[in-house]
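The structure appears below as structure tokens.
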Amino acid sequence: RSGEMAKLTQLIDNEVFRAYATYAAIVLLKMMLMSLITAYFRVTRKAFANPEDTASFGKGESAKKYLRTDTDVERVRRGHLNDLENIVPFFGIGLLYALSGPGLSMALLHFRIFAGARILHTFAYLIPLPQPSRGLSWVIGYVVTISMAYQVLKTALYL
Amino acid sequence: RSGEMAKLTQLIDNEVFRAYATYAAIVLLKMMLMSLITAYFRVTRKAFANPEDTASFGKGESAKKYLRTDTDVERVRRGHLNDLENIVPFFGIGLLYALSGPGLSMALLHFRIFAGARILHTFAYLIPLPQPSRGLSWVIGYVVTISMAYQVLKTALYL
Amino acid sequence: RSGEMAKLTQLIDNEVFRAYATYAAIVLLKMMLMSLITAYFRVTRKAFANPEDTASFGKGESAKKYLRTDTDVERVRRGHLNDLENIVPFFGIGLLYALSGPGLSMALLHFRIFAGARILHTFAYLIPLPQPSRGLSWVIGYVVTISMAYQVLKTALYL
């Protein structure tokens, strides 16, 4: 019945919850990938944040020069923080949305568009693509999350 | 029965879980609002982090001067990061707490105080209000989350 | 039955879910502790980010000198951000994993190793210990989370 939350007994065999689990895992793994890309650029650009990370390059002044910021490293870090700012709300609001009993096709639409938009956002940030590629992909993910939040509040509101 | 977790079959029609869904959505939306405020200040203060974002202001040196930090932009960004550091634990611990079978009035007390404190925190950060406004609102949200974590560990502890 | 998700009716009395709740609460509390350590270093090092935070040290130029970065404060902040980047995926993927019906001993193995690795990571970052202490503890937590994500996708995949 629309407007009511699904019974949790039906939940885990529920295709909506399986779809949520799938897309949530995908975007969280995508976010985790940013750590590896940051590490890759730190090593190849020799740009580190901690003195203990540069010890293998020698002692004293010779190692100190690798304690620096690098534009490529900083770009990946901004992309990573943007993921935290956007994928965390998707995970949280998406979980509540998946529990609020949406139709399967509507839920899949939300999850697929969000995941696609965030993957595009990462390419737009790292290549980088000219604007408004990054801006648009950010907006699309944002609007999808707002749409799910609206559905959650419409279904569950209890102040 | 106190000390036991509620059966999940009763959960989704459960007023505690609906209250959790409501307040979790509210504070996640509030956190997302910080992105819009950051964008607003970046555009009005003309202070950007990426060269591709300044391309519409012209080429070369004329655009480069907009690649800079701005005190208002940085203030909003600190507020946003503080939200991540505090609203994420609330979301996670609050979910486990809502599943641990608390009384409705006690749960509502936790959720309402947390949401109120974080909204106050944002105003205190952005206006800014003199200290200890921001500090106190941060502490209140922190203590509420610790109180829920204590309840979760008391109910569910399995090491 | 392996390959099927556990029925949620059995969930909350389920030892896997109680174990998840316990370790998730522990690592989220550990992450929250970073805020207190940051505050401790800001106060003892007199290094603040906001003018309103230095008002108690006097007015004008005498207070302005405390608006600065400090290497100890920045180190704790990097550790805190690293927690967000790693504990948030653990919380999300771990929740889906706990709902995907893993065996208790395998689930406990994942949760215990992750929690131990992240606590070690914090000590390695803050003391600091020589590398590869911090790097290894980071990798271990990362691999545990990937392993849980693999299990989630194998069980729930619905694209």
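Letters A, B and C mark the chains in the order given here, with residues in each chain numbered from 1 onward.
The criterion applied here is as follows: a contact is a pair of C-beta atoms (placed from the backbone, for glycine too) under 8 Å apart; a residue touches a chain by one contact, two chains touch by 3 or more.
Keep in mind that what you see is a predicted model, and the values were worked out from it rather than measured.
Rounded to a multiple of 5, the C-alpha superposition of chain A onto chain B involves a rotation of 120 degrees. Residues touching across the chain A-chain C interface largely differ between the two copies, under half of the numbers being common to both. Chain geometry summary: the mean Cα position of chain A and that of chain C are 16 Å apart. Under the contact definition stated at the top, the residues of chain C that touch 2 or more other chains are 8-9, 84, 88, 95. Looking at the complex, you find that chain B touches chain A at residues 8-9, 11-13, 15, 17-19, 21-22, 24-26, 28-29, 31-32, 34-35, 49-50, 52-53, 55-56, 80-81, 84, 88, 91, 95.
Chain C meets chain A in the complex at residues 5-9, 75, 78, 84-86, 88-89, 92-93, 95-96, 99-100, 125, 128-131, 134, 142, 145-146, 149, 152-153, 156-159.
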